[in-house]
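In this document, chain identifiers A, B and C correspond to the written order of the chains, with residue numbering beginning at 1 in each.
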Amino acid sequence: MLRYLLSRLGRALVTLVLIVSAAFIVLRLSGDPAITILGPEAPPEAYAAFRAAWGLDQPIWMQYLKYFGAIAQGDLGNSMRDGRTALEVVGERVPMTLAITLPAFALNLLIGLPAGIFAALNRNTWADRAIMAGSVMGFTVPSFVMGLVLALIFAVKLRWLPSGGSDTISHAILPVVTMGVIGAAVIARFTRSAMLEVLGQPYVRTASAKGLVWREVIVGHVLPNAAIPTLTIIGFMVGSLVAGAVVVESIFSWPGVGRLLVTAVANRDLAVVQVIILMIGTTMVGANLAVDLAYGWVDPRLRTARLKTA
Amino acid sequence: MTSPDLSAPATEGETPLLSVRGLARHYPVRLPGGLFGRPGLLKAVDGIDFDLARGETLGLVGESGCGKSTTAKLALGLIPPSAGEIRFDGAPAPAPARQDAAWRARRRRMQMVYQDPLGALDRRLGILDQIAEPFAIHAPATPRGEARERAAALMDAVGLRPDMAARFPHELSGGQRQRVVIARALALEPDLLVCDEPVSALDVSIQAQVLNLLDDLRARTGFASLFISHDLKVVRQMADRVAVMYLGRIVEEGPPETLFRAPLHPYAQALVAAVPVPGRRRARTALRGDPPNPVDAPPGCPFHPRCPVAIARCATERPPLLRDAGRAVACHLAPASPAPASPTPASPPHAAVSAAA
Amino acid sequence: MSAIPDPTSEPTSPASGSVFTAKAGARAFFEAWPPMVLIALAWIALCLVVVAFAPQIAPYDFLALDLRARLIPPVGMGGDWAHPLGTDELGRDVLSRLIQSVRVSMVIAFLSTLIAATLGVSLGFLAAWFRGRVEQAILMLIDAQAAMPFMIIALAALAFLGNSLTLFTILLGFHGWERIARISRGLAIAAQEQGYAAAVRDLGASPWRIYFRHILPNIASTLIVSMSLNFPEVILLESGLSFLGLGVQPPLTSLGNMVGYGRDYIQSAPWIMLAPAAAIVITTLAISVIGDWLRDRFDPTLR
């Protein structure tokens, strides 16, 4: 178990270093910070002084190491548009993004898991087919189409909900539903597959042949085993929620990190982009690590098997 | 050299084409027992010596799993040995580890015929293209037309009809596929052809044809051959000299006539006795005991748990392979100087082959 | 916007009966070619025709303004056949723009998928050939790429690279290479152990010949199936980024770019947005249906 833990931690760390390095390269390649900050018309001595002050005259690997040092101290540069530190600019948006992604995640699970389980238990009935047909949506309807169609119906035609902004709770409903429904479709499809896999196992048939009540078989054997593969998709869900937030916040003018990212990219506000990338990277690595550890904890047999295949 | 080394093969005059000394290949394995199974060492080949003269055919027999295929791959330099030395044409063979240009160039002089011809052919390529492939690899300057012409000539030489040229491997019979493999192996006229159970996967009715073809081709082009089979009859037909393997070692060696008529090693005796002979209902002495396990082979003589005549010494002391007058045997009970039944020394190349099959 | 692996799919029921009646024949036909697949194939064929002949098919120039014919609704919503899908607020014909957008989006997705396949196959083969350290490095790259949602990677790269159609297409080519690399590495390692690859290696063939002349054709069907699963994802990604205004730039138009533009007229002229949105959904659905069908038919191991 310790070996598994260490190897997973090591992998997560390597991924983080790769992400930070990518951010460094992006920042360094995107022009001379001296010119960016001082403007193109400053006297040459000013540039030299600036470079000396910020360590830009040092060899690139020194800068690279220092960059890691700065990140470790939370120094991530200033927003070019705003003057405040990038961390501050991004930080104030985080609660807004959490306010729609967390409920959306809950919605994913609350709709997706029961729908998938129900479909698997009623395999090949019309209910199963309907759920599966609906879940195809999760793979083929992009979130911006889903969001706009929902806005068209509920904001434009029915006028039940506002189509954009963040003043009241009702403003959050459309963004949450958009992300919630798409993710639920993915989870439903995956859960159904995992359930069917377990239902086909010999020990399930043995258990039901032994006279156990079907409900006991499901609760005692099928669900716990189907939970294992379903766990793996949580990491994936975090990723798709993050990507979804970028689009959905833009559609509904929701002032979260995603919309900030889009404007920062359009304005080439690199410090802000960098902070968001690092933040998302850390979240993703953390989520994947948590899933891996939970996986190893739920099913010790799989530890080494997964190590080999990974 | 004052005292002759009894364990080394007698070298006669010219340098042998292939010379193998102390060759071993060990695989670390995990013994059954779940995740924490005891690690063990599988000695697939465990210290063998032999020489192969130009144009000579050495037959290698033994039960399945005794290390014949591993020996073949080692001899060809396809896998690196754990210990020992291989000299080809008097020089050490290029290391297989990196499969660099020198190693690849060496392939031109040593080729292989596989047990499963269908597996050895690319099922998405016509057979003429596959037979022509050695030219593309080793003589890329050959014009395409010429390479195809030579491939067509090879098809003819191995008895494949010209109209089969565009066929895919799955459109041929097993015997025809093996002919394709043989044609491809001989395209560049190698000095050494290793045949690893070349007919075991074929119908009995086809086996003789393919064996005769190989014999014909050898008579015409004069390649030396390491010929592997678990079937004594086949080896007897093809080989100038035979080595019997058991658990990764050679336990007896000699000319096929004498070895099969009067085997000296109890294991070889059991093998010979097990060959069904028309008119006799059952084998006289069957091998008893468990089939050998090359992991943690027993100390002493590896054959002693199954040997019908084992003595106490056999369990502790390993019998060396002693050579005398063209025969060699590794058994404590073998006559100190096995009398050669016939005065044939190591048979000359292209010796007449007995019609035993 | 990447698909997760689907651990199972339904075992198809065995083809029924040996009685050759017309009805059984029809049933056998539809079992081999389900109606959904036929419809999907027809749609993709239509798209390909559009890609090939967009300028000839389009009734108007997609850039042509007609200020007298602004915001005309499509047929069925009060419009007429002069503009079957209506016009936008500059009087540009929506159908013509849609045709041009399908062409641009499909070509970008196709080129990007090709890039991803080339990259993935090369890296996968490199890993399979070198094993050891090179393989570890490639696997690490694969892991790192898989750990970040590609949408975010693309946004970061766009912030740095700025906008250019060529760079955008290449950037999208980095989507999904890691899946193809993983698959080709696995397949190549398996193939190396197989007789035919070992046999050509024993002939003295160079790695180049072994991998590209022998192994690649043998694993091509699996790779094509996995590329067919990549394609709709690239379409979604392209349209998502274009929708955000960070992908294809006007005056050129793509499906996502059209939806993004139509979003401003969602109140007054929803058809501007609905036509390209429907095209996106139908196209990705069609390719997914075909991809799943190919997978079940030719490669049940790839799930």
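Here are a few things to note about the model shown:
Heads up, the rule we're going with is that a residue touches a chain if its C-beta (ideal position, glycine included) is under 8 Å from a C-beta of that chain, and two chains touch if they have at least 3 such contacts.
Keep in mind that this is a model prediction, so the values were computed, not measured.
Judged by the touch criterion defined above, the protein chains link up one after another in an open path, with no loop closing it. Taking the mean of each chain's C-alpha atoms as its centre, the chain lying closest to the overall protein C-alpha centroid is C. We define each chain's centre as the mean of its Cα atoms; on that basis chain B and chain C are separated by 52 Å. Distance between chain centres (mean CA atoms), chain A to chain B: 59 Å.
Chain A and chain C have CA centres that are 23 Å apart.
Not a single residue in chain A touches at least two other chains.
On the side of chain A, the complex with chain C involves touching residues 11, 14-15, 18-19, 22-23, 26, 29-30, 136, 139-145, 148-149, 151-152, 156, 163, 186, 189-190, 193-194, 196-197, 229, 233, 236, 239-240, 242-243, 246-247, 250-251, 261-262, 264-266, 268-270, 273, 276-277, 280-281, 284-285, 288. Remark: chain C residues 194-196, 198-206, 209, 214, 217-218 touch chain B in the complex. Those residues of chain C that touch chain A in the complex are listed here as 1, 3-4, 6-9, 140-141, 143-144, 147-152, 155-160, 162, 232, 236, 239-240, 243-246, 256, 259-260, 263, 266-267, 270, 273-274, 277, 280-281, 284-285, 288. The touching residues of chain B, counted against chain C in their complex, run 76, 78, 99, 103-108, 111-112, 114, 116, 118-125, 133-134, 136-138, 181, 184.
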